Amino acid sequence: MIEYNYKTRVYYRDVDQMGIVYYTRYLEYFEAARTELLRSIGLDVTKIEQMGYFLSVISCHCDYKKSAKFDDELNIITRINELPRSSMKIEYEVFNSGKKLLVTGHTVHSFINSNGKAVKPPKVLIEKLRG
Amino acid sequence: MIEYNYKTRVYYRDVDQMGIVYYTRYLEYFEAARTELLRSIGLDVTKIEQMGYFLSVISCHCDYKKSAKFDDELNIITRINELPRSSMKIEYEVFNSGKKLLVTGHTVHSFINSNGKAVKPPKVLIEKLRG
Amino acid sequence: MIEYNYKTRVYYRDVDQMGIVYYTRYLEYFEAARTELLRSIGLDVTKIEQMGYFLSVISCHCDYKKSAKFDDELNIITRINELPRSSMKIEYEVFNSGKKLLVTGHTVHSFINSNGKAVKPPKVLIEKLRG
Amino acid sequence: MIEYNYKTRVYYRDVDQMGIVYYTRYLEYFEAARTELLRSIGLDVTKIEQMGYFLSVISCHCDYKKSAKFDDELNIITRINELPRSSMKIEYEVFNSGKKLLVTGHTVHSFINSNGKAVKPPKVLIEKLRG
């Protein structure tokens, strides 16, 4: 339905004493990746928030297959494959520059209003995703 | 089989602009929690590593039910419920001081040797878990 | 004038591929340490914020003398040595469990109101520090 | 002597409940910035390490003038102005896209060998900096 390739590089701050990217850092990359995916269809998170919608994470999952190392260039293929209803699923695949698949994962989000109440996804998002 | 209550407190560094704990921070808490669970049965991670075993994260999962806020005291109930075979599952429940369940999650780990090869879990761990 | 010993432990999340604590992590420890120092004199940061005062960091400095490693227990001696005027200086010394001095540093804070304007420090803080 | 403009963007992971970038995150940006500055003169940190030199942070300093917010695009002008002797100073200025100066800072580094002993800076670095 919609796909974005978010590129990032691994720095010392990301790497643990085994010399590999610490497991939570991928989920930080995912946040940047989904922010850029939404921007790529004209939906800045800040604009969404100004419309009164907040994206709340309701679950996350990661499978770690191979390790990324310091200085690796990562491609994070980020996808929304289904129209959001009460929640929105975003999927991620992390590849290194040698096109090896390192990590897969997903996050599930709900939309809440400024009072923290669950609401339907904004129409403009549905329209953009329908394309 | 084995359970540990890891306590931590929420600081500014953990909280995002919605005023709630950023979603990856729970997984950082989980790392501290499982380190202390293992220490509580006499198995320091450093000792395990000196025996030539490294705990590698092969997957993680989190479900976010309620938000933790700045200054909250969290209890992270951490459990190993099954004897590890090729992998070891650790489960987590995060409660606030009002005993509300905020987050549940788990991590799955494999044991690797210093060459990065998957190996069986160390016998001493199995013995400790058998109790 | 006022001193607090904040204790923390080093986990994998804090350590880089040289096997030492990553340099910014000490400044995260400092934030926890000053929060606990203020709590120790009855001044929760949340209460200070409810009174309409926000502590803004205007500078920070760190000198790294020796490295902390995974699993080290750290004592962070945290001090306010001077009455705050337009700004407040907080000093930190990080010791390992062997009482070796690892890191020294300080942060300087201003007080701002909810509009982001610089204001005088809250009277209650001055009184508590005068003791 | 040498200058590099490292660009980065602010995400949720970087921002605290005041809605501004958390103070340690700038020092994480600085690490990425100096890594890219060195790469820009043909000196990958990984290559430097393979030659047996490790860059150790011996001090850091930051002055916070204005706040960066979520989604801001930052330019981090990174400079080495003096030839390193026993240590190397790197200076940073953080600008937002409106060219407002937000933060200034510096880090000081020593060169150590794989045994952790202080050594002179690698000749190739001196040559590159001399230009």
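Each chain carries a letter (A, B, C and D) given by its place in the written order, and its residues are counted from 1.
In the analysis below, contacts are C-beta pairs under 8 Å (C-beta built on N, C-alpha and C of every residue); 3 or more make two chains touch, one makes a residue touch a chain.
All values reported here derive from a predicted model rather than from experimental measurement.
Engineer: Can you check which chain pair, A-C or A-D, has more C-beta pairs in contact?
Structural biologist: A-D
Engineer: By mean C-alpha coordinates, which chain is most distant from subunit B?
Structural biologist: Farthest chain from subunit B, going by C-alpha centroids: D.
Engineer: Starting from the mean Cα coordinates of subunit A and subunit C, work out the distance between those two points in Å.
Structural biologist: 33
Engineer: For subunit A and subunit D, let me know how many angstrom lie between their CA-based centres, rounded off.
Structural biologist: Centre separation, subunit A to subunit D: 27 Å.
Engineer: So which bits of subunit A are touching at least two other chains?
Structural biologist: Residues 12-13, 18, 24, 28, 31, 70.
Engineer: Applying the document's contact rule, which stretches of subunit A touch subunit C when the two form their complex?
Structural biologist: 12-13, 15-19, 22, 24, 70
Engineer: Considering only the defined contacts, which subunit B positions touch subunit C in the complex?
Structural biologist: For subunit B paired with subunit C, touching residues are 9, 11-13, 28, 31-32, 35, 44-46, 70-71.
Engineer: In the complex formed with subunit D, which residues of subunit C make contact?
Structural biologist: Those residues of subunit C that touch subunit D are 18, 23-25, 27-28, 31, 54, 56-64.
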